[in-house]
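By written order: A, B, C, D and E. Residues from 1 in each chain.
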Amino acid sequence: MVPPQYYLVLAAAIFCIGVFGLLTRRNALMFLMSVELMLNAANINLVAFSQYWGNVTGQTFGLFTMALAAAEVAVGLGIILVLYRNFGGVDVTDATTMRW
Amino acid sequence: MNPWIAIGALALMGVGIPLGMMAASAILRPSVPEQGKSATYESGEIPTESAIGIQFNVQYYMVALLFVVFDIETVLVFPWAVIYSPALEAGVPLTDLLLPMLVFIGVLLVGLVWAWRQGAVNWTSSPRATRRKTERQS
Amino acid sequence: MATLLWGLGALAPALLLALTGLLVLLINAVYPTEDRPTLLAVVSTVGSLASLVAAGALLTGVGGVLSGPEDSVTLYADALVVDGMSLFFSAVFASVTALVVVASYDYLAENPHRAEFYSLTLFAATGMALMASANSLAVAFVALELSSLPSYALVSFLKGNRGSVEAGLKYFLIGALSSAVFVFGISLVYAATGSLLLPAVASGLTEAGAGLAGVAGIGILMVAGGFAFKTASVPFHFWAPEAYEGAPAPVSAFLSSASKAAGFALLFRVFVVGFPLPGADVVASIDWVLLFQILAVATMTLGNFAAATQENVKRMLAYSSIGHAGYALIGLAAWTTADGGAVMGAAMAHLLVYGFMNTGAFLFIALVEHWEVGRTFEDYAGLGARAPMASVAMSVFMFSLAGLPPFGGFFSKYFLFAAAVGAGYWWLAAVGAINSALSLFYYSRVVKALWFDEATTDFELGATPTALYAAVLFAAVATLLLLPGFGPVIETAQAAAAALAP
Amino acid sequence: MILETLIGFTFVAALAVFLSPDEYAGQLAFGLSLLPVVGSLYMWSQFDATGNALVEGGSLAFATQIDWLTVGGYTLQWFVGLDGISLPLIVLSTVLTSLAILSAWTPIDVRQSQFYGLMLFMEANLIGVFSALDFFVWFVFWEAVLVPMYFLIGVWGGPRREYAAIKFFVYTNVASLIMFIGFMALVFNLPVDSFGLPAIAGALRAGELGGFLGLAPDALATVAFAAMFFGFAVKVPVVPVHTWLPDAHVEAPTPASVMLAGVLLKMGTYALLRFNFTMMPDVAQQLAVPIAAIAVLSVIYGAMLALAQQDLKRIVAYSSVSSMGYVILGLVAYTEFGIGGATFQMVAHGLISGLMFMAVGVIYNVTHTRMLGDMSGMADRMPITTGILIAGAFGYMGLPLMAGFAAEFFIFQGSFTSTVLPAAPLFTAAAMFGIVIVAGYLLWAIQRTLFGEFSVETDYEVTRAQFHDTAPLAVLLLCTIALGVAPEVFFGMITDAVVPLLGGGA
Amino acid sequence: MVAVVTLQQMLPETIAGLLPFGGLAADIVGALIGAFLIANFLLINTAVAGPWAKRKITAAFTDRIAVNRIGPFGLFVIVADAVRLLSKELIIPDGADRPAYDLGPLLIPFSALLGFAVIPMGSGIQLADPETGLAFAFAASSIASLGLMMMGYASNNKYSLLGGLRAVASNIAYEIPLIVTALSIVVFTGTLQTSEIVAQQGEAFITLGGVTIPQWFAFVNPFAFVLFVAANLAEVGRNPFDVPEAPTEIVAGYQTEYSSVYFVLIYLGEFIHIFLGGALTAVLFLGGAAGPGPAALGIVWFTMKIWAFFLFTQWARSAIPRLRVDQFIEIGWKGMLVLAFANLVLTAVLVGVLA
């Protein structure tokens, strides 16, 4: 059986990829995808350690995480849609009517 | 043996066979590049601008959102459906098994009814159609 | 069956909110075309008030669910816990929701999507109520999202308004990021302890997940990050000014009061119950008291200094709410296993008072936006002569936020700082006091603009929006009455907080 | 219950006036403000307290004590009551408030309802300040007095009103904060379970103070005393923290400066007496010399500054700084006549300075100037006003048969015979020198403005003041003379309340 | 019951048993051979169905005589067509989004084939029997909609784009009723393991006059059966639900711009998809490979069942007019979805009350 540390490393790597994409991409959709990546990294941990500890808590929570991720995307797409309508683009740095 | 080995093998076939057919056709087929042959089909007219990035009916987006909601909900129903009868046989009281799922589906149905009445699943809302509807009601 | 219904009874505050939200949706489904403002508003208000009553009743032992604020029951395989703390916060959420709903009756005067607004607000409130009674990290995350997702939609509710959309986008981006961090932290904690139930997590940490101690530490840090977003404190605070400024003012009120309080409710419970401080038997944990001391000082100082430099009243309030998050963080920063109840209860009480005064302040902004007067201090000049009652209310809020007698804010701040001193962290109290003194400067700017300055342009206010006015005045009266009536509040809060400590 | 009724009624009256239409606000406010006057006079007639409220053995009048809330082992109470020191000040506040309201009819011509509402709101809080015996009740009222004054100056004040209002607000709030911290440092190290002032005073006088942060009890007591003294000194005010006062007075509308000089300054000295000099007599006696020095400095310096002013209002303002100096000198003397006279001076000066500001205001209403150079010979046109003004000035100078004379006589007698104050005669003599200066500048100012032949640059006919302008002046003058003729009416109960203090010292 | 119950040897194991060597190598080789056999079995079915049977059936419906020149009953037209199509020139339209344009046709047969991995075909022919068989089958079969979308988008043709969008819309609209209906069966079985599901249908349901009717879920819950078949029609995009292609509206939708081998692949994929739909119907409702006679005949019965479903689709294609797209979507969301949920809840309640 694969030792749990490997899963941790894998998850951490995916998470970092997500963070990287999040920091480098200015396209809102890319941002969403990066966030999905981070959430899935969490899912990997949850499922892997659900097997490691021998209880299904992690797997169940993984399901919930997926559901919420999808819901988040649904809301996010809605917001990005109105963003496109108002600013004519999906570049997050376009929207600067207020100063940071 | 681990079933996934076999499944992987079939996946391999699923990729290999089409690739083989492509290869065969690549050997057989001629290639006669010709002006206008590669124009996209628009009923024989000269194609207008590219099709990529044209705007289409927003209803597709609505439907997609609805799908996200209900697909997720299906994911959550799956485990319930699987353990339902085993749990019954294990002697779990029916209410504890059934009521939560009924509540869950009920909430979803409220959402669906709302979306329905808001016209999220009405494909066309052309004035003519609505007028016909009203005439039918009257 | 019995357990199920009994659980429903114990969760009445949350369930009432949820049912009201569904009811609003159904009403809108019955009348999809014409909007029924009064019907919807009345239903939503009644629902949130019912939830408030339910919370109060349970808290005082009616229904036999709880014997008092120090009692607690767990439901549904310990995933949920109903105790004094959760009910206390449920009361806060319910009252803020009621205020916001009443106020938005006028604010949304010609908005066709009234029903969506109300239902989203109520669902968000439901999520908050669940956050307050989450006893498992899974429930915590789900409830947090349930309160966040409607909030994203609410912030960008004015589809045509660029400011609102931009605010919604930024709020959503930071929110999505922080929720990802949060859930990854949870997964790490689960990796180290093998459970998501807070008590089990605590014992798991004490038994040490072998070589996974460091993992647990990182996980706890990430969870703290998620909370930092929800409570708009450093380092995930920078969405707050944008979101509060761009959002419709009632939504800003809702977020900056209820949402923040919900974040703190969960924060308190998770860290006190779930993450024991490193000690003799605890191997895998971090000294989060130190962490929150740093965060508290940074948050309150940053918030106050930034607020002092603002020209836009709404933005000033946004930064000041960051500062108040810093004050509330003292509840954890001065936590001691011996007598953490006093300081944490004081923080809870402060959040309650803050719920009224800050909501009222933002609702006054809503009133001004309704009159389309303007957003900067200059635009507020001369309002005192034109709308005396509302301006008196706003002055009350400002002085109370600054912590001056004779308003509720004075007592809540005083007891918070006094409790910090009592816990031995007198320097935290000192920093807080200095910050409050500084905050008086920018709060009094609003009062000065309202009463002293002459209007630059001769403008006329439109008709008086009754519901909005009523909400503002009610918040002001509550802020005043919370001074003489502070006794039960602080006593309940401290009893509940003390019961929380392991 | 009569105190609660009084305070509650005044709050309600404030709200009613605030909501009333501007036209009738003045009359309504005056009418409503008469009831507190009646109430306070009734309390005076029924007064039966003996001894000092904060010293064991004293009995209270009209006291109520209700538990409010209990936090962290401390019980907060609604605890009010009167003794011989607080009653005269309450009478003073009520009387002065209603007269100030009357005097506001002419000058205040915008947003009247808000103005009078604030005046009544302030009156309610003043009654609270002088009757509260629980620290938090007292502090809430104490701070709540500042808010209406802030608005009164900032909204209805003169050209530089915002500067004056904010300066006043910041000075007094910072002072309150420092005082608050000092007092908390004391309470948290005392074996008390409530914030009741008698309990705290008893514990402090019994020397049960503990150490804090490595400070020895004595050192802590000294620090706290200093902090509280500073906090109250700003309110009094004494040199060198007096600089907010002239600005506030000059910018404030006449009724507001009447209240400010007549009552608000007394809050500072009252608090000094109640907290510093009652609770920590030995510390006070250790620090007697510097305090007395500050007092004399205020007397002389204030008088000097007054001498240098051109603006009548500034003159009166600085003169009140110097008069407050007498009060502190009397307090620090720690003799029956010293403290008693100081308390009596609070009342007397309240009446007289109110009278002066009001008279100046009346003249200003007519001439729209307060500059010495701009007017002369007012006596021709406004005989009554000028007559009263002159009488008031003599009261200031301590002319016999006037309240001022009685007060200053008591103070000097007390401080001269002081045992705790080294070189008491020296300080007394120095302070007496202040009187000469007062006489000097007042006579000079009066001579320049009121006599000589009439000249004011106005484009209209200067006429006599209206009746409702001169009436309050007359009333105040009568009160002053009455107190001067028969000081016992107050001095008896004051000394009765002061004597117990002296036992506790040294 | 949730525990993994392997009723019989899987096909790869059988083959691996025949191999001279053992171990992991044997497993892998056996799996490959088994997969190859099953893939070819499906290819043959499709080859018969696509170029020949389809035409014959349509002709029969329209009272014509279709292909009858080459070979007996014109059976060799299959070969002819294959050669003809493969040797056609491949025309890539201007501005095609290249990798997507090529991947789409690959994905469709891939997804359909993959779905068969868990289908028990009787006589011990089943490639794999994981615990999550049913879920896997649905998952694999819905990869296709991704391919359709890619094709529609990458062709740079407005008809194709519309076709692709419609395809996705139809898939997502009818996938939920499909799965929810399947779940109503899972509520009976309590497992997702296909072999287990089939095995449970072997038991006797009722006996009418000496004839023992097996507990096929088509008999137990005919309502679900009807729903499932209808949703399945939409999933495989046949009349009356062939809105995505709709040759007369949007000239074959997403496949407008595809020719030569790509066209073959798409065609192949669609037919395998039909068979997969049939297979799922059989497994869930028609007792899998069960039938009279010895169990060795299972594969025959299975083939007959999936062909029956194929015939049904063809009959529908010729007999029923196509829906308008708006009717199509609205039926999906307002009709099928609600009915599917009603069915699920009803089933659960009945099972709970009866049990």
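Keep this in mind: a residue touches a chain if its C-beta (ideal position, glycine included) is under 8 Å from a C-beta of that chain, and two chains touch if they have at least 3 such contacts.
The shown structure was predicted, so the numbers you read here are calculated from the model rather than taken from an experiment.
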Based on which chains touch which, give the shortest step count from chain A to chain C. 1
In contact with chain B and with chain E at once: which chains are those? Just list them. none
Taking all protein C-alpha atoms shown, work out their mean, then name the chain whose own C-alpha mean is nearest to it. C
By the contact definition above, name the pair with the higher C-beta contact count: B-C or C-D. C-D
Of all the other chains, whose mean CA position lies farthest from chain C? E
What's the farthest chain from chain B if centres are computed as the mean of the Cα atoms? D
Rounded to the nearest Å, the gap between Cα centres of chain C and chain E is 53
Taking each chain's centre as the mean position of its Cα atoms, how many Å separate chain B from chain D? 82
Length of the line joining the C-alpha centres of chain C and chain D, rounded to whole Å: 43
Centre-to-centre distance between chain E and chain D (centres being mean Cα positions), rounded to whole Å: 96
Of all residues in chain A, the ones touching two or more other chains: 60, 71, 78
Residue numbers of chain C (touch at least two other chains): none
Where do chains touch, given as pairs? A-B, A-C, B-C, B-E, C-D
Partner chain E, residues of chain B touching it in the complex: 1-15, 17-19, 21-22, 24-26, 28-32, 37-43, 47, 50-52, 54, 56, 59-60, 63-64, 66-67, 70-71, 74, 77-78, 81-86, 88-89, 94, 97-98, 101-102, 105, 109, 112, 116, 121-124
Could you please specify the touching residues of chain C with respect to chain D in the complex? 342, 384-385, 388, 392, 399, 404-406, 410, 415, 418-419, 421-422, 426, 433, 437, 440, 444, 448, 451-453, 483-484, 486-488, 490-491, 494
Within the complex, chain B is touched by chain A residues 60, 63, 66-67, 70-71, 73-74, 77-78, 81
Give the list of chain A residues in touch with chain C in this complex. 4, 8, 11, 15, 18, 22, 28, 31-32, 35, 38-39, 41-43, 45-46, 48-49, 52-53, 55, 57-58, 60-61, 64-65, 68, 71-72, 75-76, 78-80, 82-83, 85-87, 92, 95-98, 100
Spell out the part of chain C that touches chain B in their complex, as residue ranges. 1, 3-4, 22, 25-26, 28-30, 32
